[in-house]
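The block underneath contains the structure these notes are about, expressed in structure tokens.
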Amino acid sequence: MAKKSFVGEIIRGIIKDNPVFVLVLGLCPTLAVSTSFANALGMAMAFTFVMLGSNIFVSLLRKQIPADVRIPIFILIICTFVTMIDMMLEAFLPPMYDALGIFVPLIVVNCIVIGRAEAYANRNPVLPSIADGIGISIGFAAALILIGTIREILGTGGLKLVMLNVINGDPGFYPLSTIPGFSFVPEVISFHIEPAVVMITPPGAFLTIAMLMLLFKILGDRKRVKQLRKEGYEL
Amino acid sequence: MTYTISPLPHVKSNESVKRVMWGTVAALLPITIAAIYLFGLPALTIILVTVITAVVTEIVIYKAASQPITISDGNAVLIGLLLALIMPPEVPIWVPIIGAAFAIAVPKYIFGGTGTFVFHPALVGFAFLLAAWPTLMGSGSTPNLGSFSNLLIETGAGRLVEASPVLVLLGGAFVLYKKYVDRRVALSATILLLLLMPIVGMGSQLPYVLTGGYFLGLIFLAADPITSPVTKKGRLVYGTVLVLLILIQLHFDAYFTGMCFAVLLMNVFSPFIDRTTIPKPIGGK
Amino acid sequence: MSLDMALMLPAIAVLGALGLAMAGMLVWASKAFYVPTDPLVDALIELMPGANCGACGYPGCADCAEHIVAGDVTPDVCTSCDAETFELIGELLGIDISAAEPTYPVILCQGGTNCKDRYDYIGADTCRAAILLAGTKKACSYGCIGLGDCVRACMFDAIEIADNGLPRIKKYNCKGCGACVTACPQQVLTIAKEHGPVYVVCASHDKGKYVKEVCEFGCIGCGICKKNCPEGAIKLDKALAVIDQEKCTQCGTCIDVCPRNAIVKL
Amino acid sequence: MAETKDSTIMILVKLTLIAVVAAVILTATYGVTQEQLAKLAEAAGGPDKQLLDIGVVPDATKFKAVSGGEICYEAYDGGDLIGYGAIAEVQGMQDMLTLAVGVDTDFVVTGVVVVSQKETPGIGDKVQKQPEFVEQFAGVGLDGMALTGDGGKIDAISGASVSSGHVTAGVAEIIGKMQQEVS
Amino acid sequence: MTDVLMPALMPTENIFPLFVEAMFTKNFLLIMFLGLCSYVGLTTNSDTSKGMSMAVTFVMTMSAILTWPIYYYLLSPASFLGKDLTFLKTICFILVIAAFVQLVEFIIRKFSPPLYRSLGIYLPLISTNCAVLGVVLLNVQEGYTYGASIMYAFGAGLGYSWVMLATAAVREKLIMRGVNLFNGFIGAFFAAMMVALIVVSYFSVVKL
């Protein structure tokens, strides 16, 4: 097996194997909770926890896992992490727990997590598995946050800047401006447009992801055509 | 000399796409003029802006995709005009602009252009606007449900098209006579709806249905030959189910919008109806 | 951290028992209801991601594996596999996926707008429908009809009908899967390596006089190429030159001598 | 790939082992999170404290549960009974709505607050985000508790008549329940 | 324990609205966003989506039937164990569903190859379908009775089915007419967007 660089594996997960735009997996949470920047951030965090946890443990146990029952075992491992993050969100980030609702427990059936466990972690040592987990998670988070931001701006006419407040010890997502040193940041950036409600409803979710994928396809096609022209093809 | 050969059913007219489209536009002219007469400058602005946006969007998109520009077939103009007619006159002018651009870009261009789209672009544009800016899209005035003479010209009408039911019917009769729209769908739906309403106890809501909006919806939008099923049986099924869907909406007091969504929902089912009613071809699997 | 033993014991009991029961049942069922399958398919299923995401268009990895082994699709329909898995799959199936020279469809017809129409056709835009109705729409009954059955067969948007009425391959999208070749009712498409092979780009077995009348580029079966081929690799099959690819050395003599420009080197 | 080909017994043992470990980890997490949840609940207080914080009965200084009641609380200003309050879930358009309702002793509304809702963002959520809507309820009794379109005294929010209707019907429902529990 | 069971077996009057809700107004695919992977992947072909719809409806209903007793007889504090083990619900449900699906697959593969070809091959896909786990989690979260749970799951399955079939017909028609975009994911999302817009709009007035 060729040696893989840690950083290279991360970047591969973000761009070449982007779980949302390239692999088109794990769509349910991507569309359901991407109504706002804050929700997307929360989902991405929960997902990262599960993804890393499952990749590490599957990779550690890969020599011990009997091939016949590997899928049930993966599900068990993943589900443990999912239930953990679900309970922790309920206790420590109640607003996020309410917003994400049923989609946190449903990470357990997210094709990305099982797919990576099977296709990658089960065949690779721990370190590359961590890199893979980080890369896929960042790729997922980037896609989710991109969709969430677009939908929030168009659908509500503003963007609420939040972050996880760990300074005051009071758990939850808070506007960036309430954190000491960030008071210059407005709580909500308003874009002074008439909010198009449709963007934060289901059709808006499909429209956003369809438009983004169309854009990426057009850009990708252009790049490939350019490359092929350079190589002397007639197109 | 080469012959022209085409499979059944052979339409007994030599109407080209172009003539159908421009003919339909012509059929809508009386009501357009009535709307401008009744609502004045706002109506004129909405109609002009919507049609121009539709045409410009089509040119831009087809140019960008380096495809032949088909403006002269009148489809973009027709979509723009239909969309404009179902707008409330009070709407801010940028709303129909976005609607027309969306109607041409997504339901028409993405879904394959004239002849292949599955959902009526004008209706999709309307549904999109209604979902996006519900407060701006509600018509401020409700249709005037006065005496019978109001059928000729509704003085307090809601949407542009509700200016005059009689003129819509006049245009409708023209397109039905010329077979620009499907007679089976249009007639079965209209007659069934008017018959069923008193029977199921919705007679009191009949005046709402007799406004121009319903006639436009049932004749021009629902019976559009592109979005309705191909098979004869399918078209009857389509018309009947459409009436049932409209009755459900009427039960919940949704009048014009309810009719539009019912037609759109039937557009969704239309390919499925085709699939289940189409006779199997010889040698087909 | 508090470990509530009164809670933990039932939790362990429930989950352990449930896990044991389910696993035991499955192990038993897998033996009791065993159905023999193709070992190659099984081996492939082992390799595949097992995410059963359905993104390939098949209902689950097992079904997709069956189709791959049967040769219906290439393994790269799977969006969950990474490059390494593809390599392993390639090894298993004995095909070198990564290093193989790309293959593309070739259209063995230069008709299109160069070939006269027999009738104007209005109807369902498919080649098959046109053939069923009144034979091919072109004057040449062997050539490309140009109504795009191949375009619709392509999963990758890699083929289009160009202005000259013939399919054109968009090589940057093409995966060489051959779906268009199977879809073509006229069988004027074939899969070929990108560089090298010489093809007679005509499919017409019609007599030379008729071909000359209807098409600007068709093979008239004059036999000049056959006479000039140093390898004897060209035969005439009912007024159509056919190149035996096994014997052909791609010298290009026939290309130069063909009076109809109907032979090309790819 | 795991090269090991285990016997059936080994497979079962391993699977059970993992299940047991999962159970241990989860129970531990559960313990920790339950403690935190208890703290949160304590901070929020019971319905009586919430009613006081929300202030649906403006002059009340203390709320006390009605004996035998499920949702209804008596509101006291010092020692005088001045009304009743309740927090309850009612059916909304999308999901349940949580409403806090305060009434005086004649069951005329003193205040209504939408505590939580999951209505359509941008449309239905106006029932919570536009306080003018719930302010209309003050001074309305059970007989006028309907939208103006249905012959009541409450004006629906334009464009959000469905959610407005749900809130109005919910308030009426809660008042009805309170009357039942008090009598 | 009987306290738990009794109301569960009694028919309640609100089953019909629940059924309509699961099928239309809160459609699992378009409004709840559950089961989308199979939706975009399998709607290129009507036959495939038909098989998948049947399988999903079957598994959803059976899962509701299986998981409800587990929740109320093993995990809930009212069970004979007397402990609140509800935090184990996700892990237990997924185990039971996965095992059940696998078992059914084994059985029909052995005894009815035609049924296997039309329904069985979709089964492995379903244990990772979030719609199935979603429906049983919602059932216990909303505290539906046994009868209501089953009806809700059945309605959700039918809701999944009609959207699958309608979208498949739309996409198939477009592909037939040479709109290649609809072979792929982008077209799937555009089709889904249209159907979602229409379904959400149409059913927004339906009050139950």
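Labels A, B, C, D and E are assigned to the chains in the order they are written; within every chain, residues are numbered from 1.
As a convention for this text, a contact is a pair of C-beta atoms (placed from the backbone, for glycine too) under 8 Å apart; a residue touches a chain by one contact, two chains touch by 3 or more.
This is a predicted model, so every value here is computed, not measured.
Asks: Closest chain to the overall C-alpha centroid, by per-chain C-alpha centroid: which is it?
Replies: Centroid comparison flags E as closest.
Asks: Return the chain pair with more inter-chain C-beta contacts, choosing between A-E and C-D.
Replies: A-E
Asks: What is the distance, in whole Å, between the centres of subunit A and subunit B, each centre taken as the mean of its C-alpha atoms?
Replies: 41
Asks: Measuring centre to centre with CA averages, how many angstrom lie between subunit C and subunit E?
Replies: Here subunit C and subunit E have centroids separated by 36 Å.
Asks: Taking each chain's centre as the mean of its CA atoms, how far is subunit A from subunit D in angstrom?
Replies: So the centre of subunit A lies 32 Å away from the centre of subunit D.
Asks: For subunit E, write out the residues touching at least two other chains, lowest number first.
Replies: Within subunit E, the residues that touch at least two other chains are 37, 40-41, 87-88, 91, 95, 98-99, 127-128, 177-178, 181, 185, 190, 193-194, 197, 200, 205, 207.
Asks: Where in subunit A do residues touch two or more other chains at once?
Replies: Only 24-25, 67-72, 76, 79-80, 83, 87, 111, 114, 123, 197-198, 201, 203, 207 qualify.
Asks: Can you pull out the residues of subunit D that are in contact with at least two other chains?
Replies: In subunit D, residues 1, 11, 15, 18-19, 22-23, 26, 30, 32, 123 touch at least two other chains, as defined above.
Asks: Give every residue of subunit A touching subunit D within the complex, in rising order.
Replies: Residues in contact with subunit D: 35, 62-70, 72-73, 76-77, 79-80, 83-84, 87-88, 90-92, 94, 122-123, 155-156, 195, 197, 200-201.
Asks: Which positions of subunit B touch subunit E when the two form their complex?
Replies: 106-107, 110-112, 115-116, 118-119, 124, 127-128, 130-131, 245, 248-249, 252-254, 257-258, 261-262, 264-265, 267-269, 271-272, 274-275
Asks: What residues on subunit A touch subunit E, complex-wise?
Replies: Residues in contact with subunit E: 24-29, 31-32, 71-72, 75-76, 79-80, 82-83, 86-87, 102, 105-106, 108-111, 114, 198, 201-203, 205-207, 209-210, 213-214, 217.
Asks: In their shared complex, at which residues does subunit D touch subunit C?
Replies: Residue list for subunit D touching subunit C: 1, 8, 11-12, 15-16, 18-20, 22-24, 26-28, 30-32, 35.
Asks: Which residues of subunit C touch subunit D in the complex?
Replies: Residues 1-4, 7-8, 11-12, 14-16, 18-20, 23-24, 27, 46 of subunit C touch subunit D in their complex.
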